[in-house]
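Quick one: structure below, then a few questions.
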Amino acid sequence: MNIAVFHGSTRDNGNTEYLTYQAVPKEKGTHIYLKEHDIKPIVDERHAPDGFKEVVDDHTKLIDKMLEHDVYVFSTPIYWYSMSGVMKTFIDRWSQVMKDPNYAHFRGALKDKKVYVIAVGGDKPHIKGLPLIQQFEYICQFFGMSFEGYVIGKASRPGDIKQNEKALTEAGLLLKGL
Amino acid sequence: MNIAVFHGSTRDNGNTEYLTYQAVPKEKGTHIYLKEHDIKPIVDERHAPDGFKEVVDDHTKLIDKMLEHDVYVFSTPIYWYSMSGVMKTFIDRWSQVMKDPNYAHFRGALKDKKVYVIAVGGDKPHIKGLPLIQQFEYICQFFGMSFEGYVIGKASRPGDIKQNEKALTEAGLLLKGL
Amino acid sequence: MNIAVFHGSTRDNGNTEYLTYQAVPKEKGTHIYLKEHDIKPIVDERHAPDGFKEVVDDHTKLIDKMLEHDVYVFSTPIYWYSMSGVMKTFIDRWSQVMKDPNYAHFRGALKDKKVYVIAVGGDKPHIKGLPLIQQFEYICQFFGMSFEGYVIGKASRPGDIKQNEKALTEAGLLLKGL
Amino acid sequence: MNIAVFHGSTRDNGNTEYLTYQAVPKEKGTHIYLKEHDIKPIVDERHAPDGFKEVVDDHTKLIDKMLEHDVYVFSTPIYWYSMSGVMKTFIDRWSQVMKDPNYAHFRGALKDKKVYVIAVGGDKPHIKGLPLIQQFEYICQFFGMSFEGYVIGKASRPGDIKQNEKALTEAGLLLKGL
């Protein structure tokens, strides 16, 4: 199965990225680093008379890439107990995609895709990261995607994650048998 | 007590805004509409050798305004089961403020502030909005702010909230006795 | 619509009971006080060769009563952040009912029933009571019941709830329009 | 460190028990099978003029045993999205212990104890078991115990858990380094 990994980190070679490579090695799957792309925040015009205004940025290109894959890994540092702003901005814009006549198939196309989440935080992430996991479950439910699993890692300072045997092991098992 | 309301909606006169005015009328408190301000996404440079690069936008101005108040109302539509991207971006940047030598007092200054949340969504918000509430609780805990209460409203189409007697009543009571 | 209220409190005239009467007055609906009934804990024999052994207590009688109604209010003090043990014991036994040939219709019969929850606790119940709410949502989902709403009240000492205007108001509105 | 394992299952040799032995082998630690003990449901008499009436059952003996240990593993099948009734009944009675003059030290004695949770369920336990995890966190917070980690396993039919490599591996790592 072809896998797209969406990296929501805003720095290079961080703990989240490292943990994610244990699940999906760099040379496997398509790795998309959201921070390298121009993604504008949504302006909610669902109910505007003329609908959404066209936005010129990289979002459509990313959606096209997304639709080419069957398995999605959302990899995000935990910022203030939820996904990073750049990942949130990427997902918020899905509301606009759903109203785009060129993407009338978007919602249906996501059905049955498999979703995994990898999240890394420093402040009791195995407890305080759970609302984030629940939110991904709701997103999956909305589209009929299957939320297959998640790994939460604890790390704050660069390199911390390398000492976290449990998280590394869990990440290594996350997509096993896929 | 002086109240600052942070509006996270991305459209004018929406349901979330309407519900919020039941709690804090337009002419009372300081209403800040995040969508009218330029707020850049955070780039996590907490561990970079030179720390965070200066960012030129409206964020510092908003933080100054925030610090002048004692009660915060975070008012957000529920986008994909969490706060709007613009509100998330505003909050993500607090991590940078905390590293700014000019704002060494930031974390301490928030201690004991009172926080309220108003959230409006269309998809079972009284259940699916709860992770968002939990996340605000964690944010409050981090700073020692007191999470005083929240109202969740159900609405999708413009004006829906006006029919939601329960939510309107709850919003009217939210800050009562403050 | 005929309403059955299941009281999970273990003392008389407590805060939870008082709050519940704001939603369903004593003279309206069928009030069932679980503590007055003999309900044995479940012994999980779902996979035993002969299935569940018959249990002689009041559980079946309560299930019969339950099935005569269309709207269920579960009213529970928050004990250790979840429903009271007596209510849990009552619900745990539903697993046995579902295996009882005389109640083959049980699961289907609950479909589309309307469910409300009233919960009262002393330790930040509006946050720490949320997992309990989520669990009732999952129970409803399992049976296809509709979780229509909930009220959380804060109270510790006898009579506290009478000072809690917000909770009383919310309880008064809870079943309105039913 | 001496470990007490509280088994909340109501059948022998179940999936939860099997998974738990991967974390704490049968010959290691003190294994307490709650179903083998007589534990009466709490009657809330915290505010009764004469306080709690004495209850004759095995609860006090279990509390004494508990206090002899420093690490607690709570192992429970997921019944209706929360801990089993027998485990809930055991924990509910802690409220009575705290009012018992002979156990005035109870709350303080639990401070800094280490807690682990093992939970096994059949219906999306990695999502629907999370409120249960959150509730244990709140219980730990109340006493100042440290919630060190948890494992959630998926299993329904007897023996299922043996096929769940991820859960078995996680359980094997759970108390590592203690």
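Here the chain labels run A, B, C and D in written order, and each chain numbers its own residues starting at 1.
Definition applied: a residue touches a chain if its C-beta (ideal position, glycine included) is under 8 Å from a C-beta of that chain, and two chains touch if they have at least 3 such contacts.
These numbers come from a predicted model, not from an experiment.
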Name the chain whose C-alpha centroid is most distant from the C-alpha centroid of subunit C.
-> A
Please work out the Cα centroid separation of subunit C and subunit D, and write it as a whole number of Å.
-> 23
Just curious, how far off is subunit C from subunit B if you go by their C-alpha centres, in Å?
-> 34
Taking each residue of subunit B in turn, which ones touch at least two of the other chains?
-> 130, 134
Could you run through all the chain pairs that touch each other?
-> A-B, A-D, B-C, C-D
Counting only contacts in the complex, subunit B reaches subunit A at residues 9-11, 14, 35, 41-45, 47-48, 77, 79-86, 88-89, 91-92, 94-95, 123, 128, 130-132, 134-135, 138-139, 142, 157-158
Within their complex, state which residues of subunit C touch subunit B.
-> 126-127, 130, 133-134, 137, 147, 149-150, 165-166, 169-170, 173, 176
